[in-house]
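Chains here go by letter, A, B, C, D and E, matching the order in which they are written, and residues are numbered from 1 within each.
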């Protein structure tokens, strides 16, 4: 679970809700028609913009960025080193029953234990990397689209509210004030959706995507080294070079 | 028929109309002069921006993105494989009478059945691909232009309405409110046109264009394989490599 | 004469004027001081931004894009083919007295008829192409600058009007309304200037520029073919490859 | 002196001042606190953004773009040709006492007359070109920053004014109007600063910079030709190729 | 200590505070709930956007840009030259006890005095350069994000304030004015945060980062020269070529 994302989401909601409660009640900020026009409008624009197949991949991709732990390349490297040592002492086939948590690494280890040739291992795993990269990229693009559509649909909703209000000014100032407050809610919803959720999550997703793909590339390189029967220390050194320096100096 | 686009368009219109009906009547949102200034202005800008030949290709291109089914490269590959098998068993000339739904594939198959040399097949079909790609690109550019002009013309219309209203404040607040409501309609029209129609459709079009060109390239590669008398299984493998991994894993 | 540009300009003006007349009189939208601040401001910014030599080329470049016919590369190719046939039957020198409408083609043909070596023909004509390309590019950049300055100067004018109005609120609401209406006129002028004229014309200009340079390159290639004594049919084929596929399929 | 820049600056100021005087007095547009918040804010942002060394080069760079004449490459070429002819007739050493107005050309000629080897001449002069190019680039970047900061600081000032006004609504409408007018002045100042001065001058500077560097490169090439004892006519032809075609056709 | 940054920060705060005090009291511009929504919102967005590891590097990076002196490459070169001279006269091992202020240079000199081979020196130091460059890059990206989030969160806060105010118009105009003033404070905070702090500091940071990395590269090149036993004068010349010409001409 990515702590920063959770902290950010809670802090963001707390800031907005706290600020509302300091001056009034939450009820004043909930309006079904406004939710419908912003939510419906953004969903509509997303459906027109992208094919269904692409849209369907969004929710799992988002959930992962919130609830999954960021892959730690260092830990991955250490696991591979221990697998390499085992393969050295016993044999590559001994990896068959080795418990591997990471799903992708498990697949890679199984391919190695099955004695598949390196080209086959590379091409099968590379395909998976490409597919994941594509899924991530399309998820990020959709979220960025939502971050653009939110304010736009908010403005459309506010325009609807203002036109309705201006058409009927017969009520007293109190009633007009309430109508105008409701009209502004859609702009508020759109701004919160874009700037507190869609935009920032797209940013984190892009970060995670890079890390995930890095991890997968480390695993491929490591398993190829194991298959080639390389010295575990040599494998470790090779994999270390995948790490950005900031990662290496983290333990300082 | 692209379901996502249809769903999106209906959902978008429903959100806006529903939100209007929840607080008033649709009639309050229809004003002929406002439609004229936004519609006329956007059309005018489009005519000044682009040559007539380019503009004329827009409506069919748009319609296609809404009503045509997205080409399914997988299905195309399977069809080509079956054609390759038939050509293997009988001969390339047997493809002459083979029923082929896709217009472009039909043309390609006919060229093959006519025993035209590969270079000729490639150059004739490539020309068609280039022409379609260009038509798509220009359609997307025009739609993006409309998405920019919509809000601009909306603002011009609102300015006209406000100036007219401010010139004559003698009416009571009721009348002023109605004038101002009308003045804001053009901004509303422009925002809806840009954010619910032109912008998102341009996005989907760009997606479809890529898919369509991919399909055409698959067809060329397949037909060249058939003409060269390659093994249908080999052809299938070659064509599979055209598919983005996301497409291949779709059936999972 | 480019019909689309003319139609666009007329339609744009008609939309705005019609929308004004539907609710008031044109007189309410004409204010000398507002015209001065927007027109003067945009002109001033243009003069500071660009050297005089560049600015002077703008009016003829604009006029051309409105009143000149778009060059039709197909027609140019046909003319060159007929010249090539004449040169074949008689001799290159016979082109001397051949009537050629297009100025650039005339120059090219004269160079050919003067028996100048191909390198000289190329370098002389290329220089002219470069000069025209540069003139177009600078005209487009200036127009895009005007499209940015229009709204900015409009806002400055509106701020002036609002400050003046707010300094003297003693008049009745009628008078205030009129002052505010006038203050908004500069924003209106700036928006119309940018979105109905400068921006779209810059777009069309960019399109024309490409077409004009294409035409010139076709002429150079054609004349070099004539000078080299190539077969008119070969020349035609070579020149056809210059055409974008969209152009070739136009006659379908 | 660059006439276009001067004309533009005068016209811009005249448009704004004239528009103000047409409806009120200049005094209403001068407010010390507003000048302080915009001027101070923009200066502050500039100081935070850039190191002192960079900022110090801005004023002379700006002044040059206003008061210096644009370098005329043609004139430079002619001067070099006459120097080349003199060097041919007499000797390179005779250039020692030749009066040369342009500072950079004088330095170049002196290096030639001192019989320095070509590599030394090139490296010394190239260093100066790089230093000037860098100075220009940083001046343009700072001005573009000012053009962004102006409106931002203007908005901050207006927010301050509005908050102050809203905190104390007890005055009559006249007083409120005046407070609001003052609040809007900062936005006015920022818009004028950005759109009439900083932005356009940055544009002209970029243009001048290119011309100045072109001139310097012409001088290096010319002096190297003189040092190599090349024919003045050959030198002229070589230098002519530096000119953009638009420059060559200027005399038409 | 970077004087320009300090001067800029003080001048910026002074301009804003001075402008406030000229018309009212600072107290009117401090509102806890507004600080919470902007500060909390921006922090929240930053936490969602970036992983914790990245965010933690921001404060030290910022502090450095404010309180550290800009590295002066010239001074670094002079120090290296004196070290080179000492190494020449005595030996590389004599550098062991030479006092070196700069931390990175000390590390480099120690590696040289330890007689480590050049490749090892290069790879160890290069790793540090990469890590610092990455830390800087991520710090700049986070600050640019803050400069975007500030105004967005300010707008969200203002919308909350306006909705609350409009929901309850029963107070007199005085009370409404105060509510509206408070509502605008968040926009004010966001604008100041973005345009006076986050944005400009990101700019200075980018500048410093380049200078710091330049300094480090100079040190590597210099120490490699010392290790190779090169002539101090030769080393000096080589290092001078690292300086941008603007740096060299500073002493003129």
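Going forward, contacts are C-beta pairs under 8 Å (C-beta built on N, C-alpha and C of every residue); 3 or more make two chains touch, one makes a residue touch a chain.
Given the structure is predicted, the values throughout are model-derived calculations rather than measurements.
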item	value
Cα-superposition angle relating the copies chain C and chain A, to nearest 5°	145
Length of the line joining the C-alpha centres of chain B and chain E, rounded to whole Å	47
Separation of chain D from chain E, taking each centre as the mean of its C-alpha atoms, in whole Å	29
Chain B, residues touching no fewer than two other chains	none
Graph class of chain-chain contacts, one of line, ring, star, complete, other	ring
Chain order, ring traversed from chain C with chain D following	C, D, E, A, B
Touching residues (chain side chain A, partner chain E) in the complex	2-5, 7-9, 11-12, 14-16, 18-20, 22-24, 28-29, 70, 173-174, 176-178, 180-181, 184-185, 187-188, 191-192, 194-197, 199-201, 203-204, 207, 244-246, 248-250
Chain D partner contacts - residues on chain C that touch it in the complex	33-34, 36-37, 39-41, 43-53, 55, 127-128, 130-131, 134-135, 138, 145, 149, 152-153, 155-157, 159-170
